[in-house]
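What follows is subunit A paired twice: with subunit B in the first complex and subunit C in the second.
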Partner chain A sequence: MRRVKALFYSSLSLLCLLLLFIPLIWILVEATVRGGYYILERPLEFFTDIGRPPGIPGGGIGHALQGSLYLLAMALLIGAPLGTLTGIYTAERRNSIIAKISRFVSDVIVEFPTIIVGIVAYLTLASRITGIFNTGPAALIASFSLGLIMVPITARSVEATLISISNEIREGAYSLGLKDRQVLFRILIPIAKSGIVTALLIGLAKIAGESAPIIVSNGISNFWFSNWTEPAASIPVLIYVYGLSPFNEWQTLAWAASLILLLLVLGLGFLARMVTKEVWVRV
Partner chain B sequence: MIKITTFYILAFFTLLTILILPFYIGGILYGSREFYERISFLDFLLGKEWSLPEQKYGALPAIYGTLIVAALALLIAMPISIGGAIALIEFLPKRLSDKLGIIVDLIAVIPSVVVGLWGLLALGPFLKNNLYSFLSENLSFIPLFQSSFFTSYNKLTASLVLAYMISPFALAVIKENLKLVPWSIKEAAYSLGLNHWEVVRVMLSYIKPGILAAFMIALGRAVAEAVAVSMVIGNTCSFSFSLLDPACTLSTLIINNFAEATGIEASALIGLGFVLFILALTLVILTRFIYIKALGGYLR
Partner chain C sequence: MGKGLSFDKKAIIIKDLHLSIGNKEIIKGMSIEFPLKAITAIIGPSGSGKTLLLKSINRLVDLIPNLKSFGEIFVILDGEVKEVHSLDPSYLRRKVGYVFQNPNPFPHLSILENVIIGAKLNSLVKKKDLVKWAKEKLEEAGLWEEVKDRLKEPAWKLSGGQQQRLCIARMLALKPEIILLDEPTTGLDIYNTKRIEELMVQLKENYTVIAVTHSVDQAARIADYIAFLYDGRLIEFDVTSRILKSPSKELTEKFITGRVLDGVRR
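== the complex of A and B ==
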């Protein structure tokens, strides 16, 4: 009886694991079949053209690709230095009060609903009533929220990398009479290089798929990128809008865009995996 | 004169990062200023109706929807995550489980909008044709499955999609905790003559605080998720009990209407954001303390 029970429950646990893989495969197959077919059919149009009005077949996601590129580049410009430098400080001065507070803050904001980040950025910066810049929905605000979302993720991974470097190396460096700056830039950062790259890739993978803060702070656009103070198109928002539309052509485009986004995000994930073997589902 | 050293510069940037939290808190308080002027917060919080044509904005249906869908998602996700973690750590050979572990991690990085699209165009219609038609024809005497709507997009679809999105995170936490169970505990259990599954049960009771932490992390994510849920929940606010009725949540109302809202509706949406903010902040801080306690300072 005990043996039967053990067998039953162990097969149940394997079944649970299997259940997690089914939707993943389903999503990949669906995106490849429904979207990949379209991409193969009109590759040039897909990557370089903008969406067509409903009912007219064809069109592409060029504008969204371009918009995403701009948004992510600017977000990286805002989030990467802040996250990396914070991570370095919290690792190298790990017992200081600032480091302890920063660790707490990173832990809290990393789990924060991203939609709230978008709302806060919109209300304080872009809103026509309460915003400082008074621009209305704008690409720059979306980039700013994405940058903020990226900071704690990057900071924690950079910190973990630097902490894993053994103290003897620091002691050795200092005992040679090197200054803080030299120890940091000549010794520690070169050692931690791959870890820092991983941290940035993880951060980028996380914000590349974000859509809620963009929808809230940047709104929806179906055109080419024009200005940082105007809404920009982006792949996640395009998937959202086209997916919810009742038109078949647009839904196909949404699947095709999903395929691209999946390849991008999973690619970044794999790249990060290749650079180090660290776990990247971080709490 | 103060000499500016490398670490002063680093400390400056760290302080900037620390300022993000006050910026979020201050920003939402400052931004919802306009909302307090227009609506009394208590009336808003206890308002039982959310309807645009009637200009009635009450948060209660959205709070109800958020909690119901999150609870249901956790009910589905927790057993699956626990089972999956056990399978990975205990029942599969290490090499295979390492590879499968990577794939589970991959699930966590699928963008929520892609999961939403899958729920919208693949899972929803599939469930409608195969499950919901059966439920509403044969089991409609149970209030849970009684519905006047017959739609792909309802609380159950939303919970399933949400459950899929939070499972990898809960699983990762439980897995880490299972790895931390000391060998002495397992050896003691084996030496009592327990079989593999019974040892696993001993381990599970040993990591109860870790399971609670996983639960809290999953709950935080379930409450926060906006895009995927808004694509499959049907977006009709009501207090209906049935799982097959559409609903709305705090974040879905915001995401659907924030871009175009003006006047009092915009204020009410900001109010919803405020409620979500309080809910999320409480959960996040609570989770952090539970998590640290669970791991006994493992996280420093």
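== the complex of A and C ==
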């Protein structure tokens, strides 16, 4: 009887799990059927070529892959130090006014429509009328927006990691006569290392799929990356533009690109899990 | 500083210490003199302020937010009388070693690195002598034989009792003069408890030892003096045999005979 019951509950929870995964699997299948086949058909062209004019079959998303790589790398360069330092500050000066304000602002901004960050960045920095640099739509501004967008979520996860280190470890470090700086850099940050890496991966996963802030600050490009002050192509924007187009070839590319983006974000999430697991085993 | 105090055979003199966290008063005026190179046990019910008294001496209480404290704590370090609040906390904490209730080795460091990190970051020992120094301190803490072949392993792989002795070695590596231990045998088995008790007795040859303990029996086994705290006050301080056989206060007697075990009543 007990075994029947156990079997019943385990199949029930398996069913729930499946239900949970259905949307994910559905998107994966859909993207594979509608676009994935194209990657297999012409892998080289898909990864290394740019899109063709409408009506001409073939082409690839090489420019978008390259552009995304540039945009995300620069965003990480801007967002990672800001997010990490903010997280460290709010964790180690937990009760200071600045920490409280920054925590509040983070929590509000996390829920902010990301397009607004892009618009504000564009208007204050890049716009030819109101911007400080007046470059017009530019890749650098998109990276800057993406960098800012990843700050709150990164900061909050870095903070959570540091706070999870027991107070006795912290006190232990101080009891050895270590100075604030030594406690932070020799003890706390090394212990939290994998947690901080995870926080950065989570931040990266958040911005990897953003299209709106890129469109409003960088515009749309169908070419290879040329310059930080020019628009750059990117995968999310390519999906948006090609996906909404009436052309069959473009739609196929959009589906194939979705598949790549999906796998990328899933991969980041998976990587984050792996790194976190290591922490749990150790502490 | 410390004028008019007699430091004859004393290591620490606390004068009228008050301490509160938020608006809760926890230590309510406490004066104690701790004898030099002896073991003083601090006993008292849970919440009576034993840990905070200990942490006041090396100023670990400075880390607690919303904490206010006044009163004076004089210590003899490097042959001079010093008031702890006038000292660089880093110097003070090095000279006044602390062992925590739960072993807290650094999880990202190896056994060896745990022992030398304090000495290394405070530049107390020449780099080339660090390993030799670590060996000496592990021997002093009675851990060397058990770990000599696994010094590179992460410290968290050790058993609780071994971790606690590692923390003692780590603290000894700083060349302290006074050693504070907060219930260092909590949660350990009889074997490890016995080892650490023997270790404490050895330590008093060279150091002044103050140990908080939850066990009157343990105090009876190791301590030369006993301080009994209750509700933030020092109720009685005397040599161990006096406290155990003929305490002068009724409260002390009730506590050591096990009739006040259930914490502070308000």
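Quick notes on this one:
In this section, the second predicted complex is superposed on the first by the 253 of 283 C-alpha atoms of A that agree within 3 Å, B and C clash if a C-alpha of one lies under 4 Å from a C-alpha of the other, contacts with A are read in each partner's own complex, and residues count from 1 in each chain.
The rule we apply is simple: a contact is a pair of C-beta atoms (placed from the backbone, for glycine too) under 8 Å apart; a residue touches a chain by one contact, two chains touch by 3 or more.
A quick note: this is a predicted structure, and the numbers were derived from the prediction, not measured.
Judged by the touch definition given at the top, the superposed model places A:L44 against neither subunit B nor subunit C. When the shared chain is aligned, subunit B comes close enough to touch A:L266, but subunit C does not. In the superposition on chain A, A:I97 makes contact with neither subunit B nor subunit C. For subunit A, the partner with contacts to more residues, out of subunit B and subunit C, is B.
Of the two partner chains placed by superposition, only subunit C is touched by A:E171; subunit B is not.
Applying the stated contact rule after C-alpha superposition, one finds that A:D107 touches subunit B and leaves subunit C untouched. Once chain A of one complex is fitted onto chain A of the other, the partner contacts of A:L24 are limited to subunit B, with no touch recorded for subunit C.
Within subunit A, the residues touched by subunit B in the first complex and by subunit C in the second are 179, 283. Considering their complex, residues 58, 60, 63, 65, 89-94, 97-98, 100, 102, 104-108, 117-118, 121-122, 154, 156, 167, 170-171, 174 of subunit C touch subunit A. Contacts from subunit B toward subunit A in the complex involve residues 5-7, 9-11, 13-18, 20-21, 23-24, 27-28, 30-34, 79-84, 86-88, 90-92, 100, 102-118, 120-123, 164, 167-169, 171-173, 195-198, 200, 217, 220-221, 223-227, 231, 251, 254-255, 258-259, 270, 273, 276-277, 280-281, 284-285, 287-288, 291, 300.
Put simply, subunit A touches subunit B in their complex at residues 2-3, 5-7, 9-10, 12-17, 19-21, 23-24, 26-27, 30-31, 81-83, 85-86, 88-90, 92-93, 98-99, 101-109, 111-117, 119-124, 127, 129-130, 137, 148, 151-152, 155, 179-181, 184, 205-206, 208-212, 215-216, 219-220, 236-237, 239-240, 243-244, 251, 254-255, 258, 261-262, 265-266, 269, 273, 279-281, 283. The part of subunit A that touches subunit C in the complex is made up of residues 94-95, 166, 168-179, 182, 186-187, 190-191, 193, 282-283.
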